[in-house]
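The following pair of complexes shares a single chain, chain A, combined with chain B in the former and chain C in the latter.
So, the complex of A and B:
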């Protein structure tokens, strides 16, 4: 903030459009972050609609529905690179979409800087935990951990 | 421009309530995703650990919670499409109220068959 607030009568007509002008009110540091986060919410939302509806249909509507879900069911799905990729994409997009949504809500409702930074710290930590742990589980998972597995990939 | 017959009020009407429901369903889904990734991570511990937790979920109370979760997913997804229409379609803002009722109809069409199928499984095992 400049100490002098006197009007500069000699600024001339180009004073505002000049990049360094003190009359220019566009901030320089943040770039287009909020614009891209707005674009991301819409693009990831459309992709998630397909990914999540597909996930729910295959897991809850087909076969025995919710009661069919056990270790063997997960092993069957994640022995296929198709479902590993599907679930990884869904995990990342959903977590980043949720991260961005909760970030907006924190910005809307917190009044003290301290509260805002504590909540955002928890948000970043939880998002990192979910994405790192989830990705590791999808790709280091061993479907043959179950000795009674009947999956063909586990046949010796 | 909004006509007097349609009302010019945004607050307290379809526009505001769909915004409120979008926030609440979004936060709910975010919290669920956290729990869902942690419990699914048990497949990395042992088949028994995972199966034990999945068995504990197979009761009517959690079953009703799962129906509520799917309801939140369907509403959030359809209202998200409405938001995209309001943002990118020239006539979107004009028809945002009609779009809200389209979301409600789409919700019933998608949720009813799921609820019948899912709750039948949950309550008749």
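So, the complex of A and C:
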């Protein structure tokens, strides 16, 4: 191969960094974040298996099964701190698990830093919205919001 | 080289093959060409080559370069699968051209030959390997020891040697790293080859730099970016279980924490 004046084949490591920035390796910093995110994915996955299938079993199989699900059923469940905690855990873990998965996909597929930050911004906003609203609903849920409610707990 | 002598033979006596002669056939090679001085992007060029069943893709490339088009550029040194210079994308899979028999990659259809992906193409099948070696250098691929040097050699049991035997086989051809979709994206991921070479020292009982190397691979662009797609294991011409090595580094990181 004849070395031409334009291309310096013996320029060493810096030749790449100056010419083709896309290929330059830039240190993105240390820290255990990726390790914990990896562990979280596995741990939340296992927990979600229990939570989701427990949820499905209780809602669809126990008692009257799927036919027993109505407003009163949900109201009854959410009057108990146990189910409030269960549902909140399920909401948070599922949302964060999904958030982390999509974050990974964005990291893997976006090429430009700008696109990456925009997509991640949207993702964070949507995850926060779902978690905050969901948690708010679980804990501020009032079965008697409707004045004409016929539920027994609302009888005064 | 014997291959050259064979080729002159074969073009001469192609019409009347003698008994015991390896049968020859015509094969089409579709090669990705790029000349940085005239081209703005890569394009395909097709060549017809007469090959034997014993010929490798590298022999076909030689034939093209020597007899048809001298401007074709590719790397090769030992031509016997040891130096790791001629990794290229043959029919969409990363292989060493010197270890791939033409008859094994379906010569009935045109065989595509491209440079390995994810590294800047310099000319034709030659890529700039510097980003690849940058990642390799970062994992400190050399023996790091503490304390006094022993008066004689550093003794190691057979079992300790076997622990990292698989990853000593790496020839740094970049077939694994450039088959990794995560590496293709932005080239920031350390890549399988760098992790394999870190593994070779992390699990070496004579080495004391394991903790440092693990910390390096705990980086945002380190082992946690591995999606276990097994492209690297499939691509490795030395048969290294690359994905397994990466997982072992992950496990070592986890066990050092918990």
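Rule of thumb we're sticking to: the second predicted complex is superposed on the first by the 108 of 156 C-alpha atoms of A that agree within 3 Å, B and C clash if a C-alpha of one lies under 4 Å from a C-alpha of the other, contacts with A are read in each partner's own complex, and residues count from 1 in each chain.
As a convention for this text, contacts are C-beta pairs under 8 Å (C-beta built on N, C-alpha and C of every residue); 3 or more make two chains touch, one makes a residue touch a chain.
Nothing here was measured: the structure is a model prediction, and the numbers come from that model.
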item: Contacts of A:74 with chain B and chain C, given as first, second, both or neither; value: first
item: First, second, both or neither for A:32, with chain B first and chain C second; value: second
item: Which superposed partner A:101 touches (first chain B, second chain C, both, neither); value: first
item: A:130 touches, of chain B and chain C: first, second, both or neither?; value: first
item: Complex contacts: residues of chain C adjacent to chain A; value: 36-37, 73, 119-120, 122-123, 126, 128, 130-131, 133-135, 138, 181-182, 185-188, 215, 218-222, 224-225, 227, 250, 253-254, 257
item: Contact set on chain B toward chain A in their complex; value: 23, 26-27, 29-30, 33-34, 37-38, 40-41, 43-44, 46-47, 50-51, 54, 57-58, 63, 66, 70, 73, 77, 80-81, 83-84, 87-88, 114, 117-118, 121-122, 125
item: Partner chain B, residues of chain A touching it in the complex; value: 42, 45-46, 48-49, 52-53, 56, 60-61, 64-67, 69-72, 74-75, 91, 94-95, 98, 101-102, 105, 126, 130, 133-134, 136-137, 140-141, 145-146
item: Touching residues (chain side chain A, partner chain C) in the complex; value: 1, 4, 6-7, 9, 12-13, 15-16, 20, 22-35, 37-39, 107-111
